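One chain, subunit A, links the two complexes that follow: it is found with subunit B in the first and with subunit C in the second.
Let's turn to the complex of A and B:
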């Protein structure tokens, strides 16, 4: 019972790291980026290639995945995304679906359609018991990393100069520009950060979630649930939503396997009916 | 009074049949005799066209962006399939039944698209489609689960026309349905109701102030569109004698959006032109690069958005304006 809770928390933490980039682009920058999962997949594949082909240590692969996907994200932001911030939602949807299709086909072309496996280092394998709770080492590792990231993100957004500049740029780009804030640089950096985090999540989760070319579509719904249910005004909302989703999903799969993913979709729709702007929102936000 | 006359004149002008419309249908009918070996792919085009027309009703006329329109398509396919397998094998009954089921489901879920922003709508439509896909997958006793629904054999249409091996009857059947439904859709969008929908799309608040109730109209058009999509699904199930769980997959919702975007939303025929272009393109790509055609479809989507939809799909209007300008110049 508590083991399930533990696994659920690990899963939820992972979902948070994967989705928090989306909560920034979608929530704060108001860009419907359905291609977010593609960045996570890119991070996962970077890890797989580095580890299995070049024998790089898993711990070094994580920052490498972050940097690589952040660079991809920055490049795409400058070349493509930037032009669409003002476009209609339909255009953004079409554009990002197009990117997802391209990413899936490209992953299939370069890496093949099969499930990718990675070999975690020995100290992350197996599980140990604490008061009868089976704790998987790799899951504990995921939880620790994600918790650090969550705290760091929260602090970065609320306490640093960059965080306040970002919030200003998002709330009113024109005024922010007038105050001497370089809005487009901020957006590039933010987008890169969000994609990098997705990549890091993909690398961390390559073991737990599995990795194959269909990853972006398979987990798209989870990301969207986290963001829409969590609301977009802060990091806390998506964080709680991700934890709840993780626990509910793991518990649901364990106790009611025949119901499948049915429960979480139903809950999402219900939440959206009752609170169209998410569970945790600030008034007057957009 | 004069405003009324103006509106009536506008509607009448819109209602008039254009030469190219009639030409399009004549070509489609001629294809029965001219392209007897291509009837299967033509049938596919017709079904996709009907599906796209149904999306156009809500996207092009009411401005609702749906990421899960395939929910209705798949529901219709399953409804027609199950009816044919267990009860009645007559196709037209199945078609109407599927339309009814999907339409009712559309009516029931329409309140989901009334609230919230574009994003909420995207999510709820997407969620409904995923939910149905999950149900279709889990309720194996009814739908055949992941193996798909098979074991139905369609009876002759109206008890008169037997389906043949070459897909000729199937094509004629689908084409007749498409023509009839497009005609009805044409009547709907060129009525005062259609005009009021476009007013809502432009500016819902203003429309509401003019005394047009957005909610009721959106509910109605959403249900009609759902019924259309359901009938398209039924056509697919009846002509292939099989329903795969793929009918509820996300990529179908994306495909139909792409179809409509290629053809241009908001004039009904966009779906038909888009379906022709999309199917031929996909056919050609999947022969050229069997496994990776998805990449090129994605690239096309990105390119379309980058170039700008208006510039691409506005070409008939642009061309018309050009020609008009030229003739006027010539007249001078």
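Let's turn to the complex of A and C:
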């Protein structure tokens, strides 16, 4: 019972890291970026290549995946995404889904269509028991990293100067610019941060979720559910949503294996009936 | 703008093409090879192609007095494309036989084309029982339904495994295999504690494995598609199921030769039942493995051997008809054909056009620093358990 709860939390935390970048771009910058999963996949492949071809330690691969995808994100923001902030949502959707297909084809071409496997360091393998609860080491590692990230993100967005500048730039770009805030720099940094987090999630999840070129499409639904259920308020919403969905998904599959795959959708429908704007909404957002 | 010179040039080119076309029609036989060469099932395509090419490299490119030409097309694993390509190959390229089909739905989609055009199709990979009834022009060299699962059930019952949980992927071949295993295992006096089905698009095995663990069976019988198998193996070990005394028995898809190296040591000791292992000890297999390793730089798996035997069947049928490419005659020639494949002795059942073959029980062991499925028990001449009864 508690083991299931533990697995659900680990899964939910992973979903959160994967999806929180999307909730930043969608929730804060109001940009529908369906290509978010492609960044996660890029992070996963960076890890696979570094570990399997160059023998780099898993712990170093995580920051490397973050940095590499953040750089890719920044480059794409400056060259492509920037032009579409004012475009209609349909244009944004078409553009980003196009990017997804390009990413899938590229991954397929360079890395092949098969599942990529990484071998975690020995200390992250296996499991141990605490008061009868079986705890997988790699899952515990995921939970710890993700919890630290969640707290850090929440503080960064609400307590730092950068956070308030970001919120100002999003709520009213013209006034923010008038106050001397460099809005485009802020957006590049935010976008890079969101992409980097996705990349980190992809790296962390490579062992648990697997990695193949269809990753961006396979998890697109999950990202969207987390963001819709969580609502577009800062970070708390998606965090709670991700945990809720992770636990519901794992528990559903454990207790009702026949219907397990649908539980996550039932939870989404239920939440959206009760709270059409998601669990947490933000006043004054665009 | 079209100038007169262009016109003359293209007319000349056309004339040459049609001349070449008629010349070909006389003494070449085209075989259409439809495989998923891109997309999630690309490894299937790669393996089958390697098997086909290996056969041609070892046995030459003439059969029944005709030169064999392969036309390889990629369907990316989507059924509507498979059907469109099959149509194009039959109508435009005038192929005499079709070979390939990575998955059950892909093979099913082609059945109407075969029935209309009376063109034989040799299935190298798809395994569900239901395919064969869709067209009288299907012949199969991969595996017939749960052929590999039934001997595993017998073996498990004989070796003291009494309580078993089955865990299969929630799609056609999964049901076939679950049923095949369950029926046989119950008949042999075993007990199925629980039957778990895992969604095809499943990111995480954790909840299902935990359920298996809490049921405390003697063993868990697993069927998952080859690619996911490696992920499954890792989580199986991580969750400590092996330490809890739960044995893993499976069909050979989980310990696919192509992936065994990547799965690594967690796979050691896993018992599987299947029709082919790259470690099969026979001169035919040694030549086959050597050829594929040299030409394609991969270790052949059960998909590759399916492609190899499909080509053997095509060659042998053409030899029997003396090069006659009439579809109905070719099918008649294929029925009852017997030969020694790299996997061992196999034959085509004249009644069902399906493959009859030996199923081996194997254990993953380390040989020369690499992991192999080492065969230690054989079930002779296994038929499709659903049809044979």
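Convention: the second predicted complex is superposed on the first by the 277 of 286 C-alpha atoms of A that agree within 3 Å, B and C clash if a C-alpha of one lies under 4 Å from a C-alpha of the other, contacts with A are read in each partner's own complex, and residues count from 1 in each chain.
One rule holds for everything that comes next: a residue touches a chain if its C-beta (ideal position, glycine included) is under 8 Å from a C-beta of that chain, and two chains touch if they have at least 3 such contacts.
Since the model is a prediction, treat every value here as computed from it, not as a measurement.
Chemist: Between subunit B and subunit C, whom does A:250 touch in the aligned arrangement: first, second, both, or neither?
Modeler: Touch status of A:250: second partner only.
Chemist: Once chain A of both complexes is superposed, is A:102 in touch with subunit B (first), subunit C (second), both, or neither?
Modeler: After superposing on A, A:102 lies in contact with subunit B but is clear of subunit C.
Chemist: Have a look at where A:219 lands relative to subunit B and subunit C in the superposition and call it first, second, both or neither.
Modeler: In the superposition, A:219 contacts subunit C only.
Chemist: With both complexes overlaid on chain A, does A:7 touch subunit B (first), subunit C (second), both or neither?
Modeler: second
Chemist: Just subunit B (first), just subunit C (second), both, or neither: which does A:209 touch?
Modeler: second
Chemist: In the overlaid three-chain picture, which partner chain does A:261 touch, first (subunit B) or second (subunit C), both, or neither?
Modeler: Both: A:261 reaches subunit B and subunit C.
Chemist: Give one of first, second, both or neither to describe whether A:26 is in contact with subunit B, with subunit C, with both, or with none.
Modeler: In the superposition, A:26 touches subunit B alone.
Chemist: Do subunit B and subunit C land on any of the same subunit A residues, and which?
Modeler: Common to the two interfaces on subunit A: residues 108, 258, 260-261.
Chemist: Provide the residue numbers of subunit C that touch subunit A in the complex, in ascending order.
Modeler: 38-43, 196-199, 201-204, 206-208, 210-211, 227-228, 230-231, 234-235, 237-240, 259, 262-264
Chemist: Along subunit A, where are the residues that touch subunit C in the complex?
Modeler: Residues 3-4, 7, 11, 108, 112-115, 117, 119, 125-127, 134, 136, 138-139, 207-210, 212-214, 218-219, 222, 249-254, 257-258, 260-261 of subunit A touch subunit C in their complex.
Chemist: Spell out the residues on subunit B that touch subunit A in their complex, using ranges where they run on.
Modeler: Those in contact with subunit A are residues 59, 65, 67, 111-112, 115-120, 122-124, 126-128, 130-131, 134-135, 137-138, 250-251, 254, 257-258, 261, 291-295, 297-302, 304-306, 309.
Chemist: Which of the residues in subunit A end up touching subunit B in this complex?
Modeler: 26, 32, 80, 83-84, 87, 89-91, 93-95, 97-106, 108-109, 217, 220-221, 224, 228, 258-262, 265-266, 268-269, 272-273, 276-277
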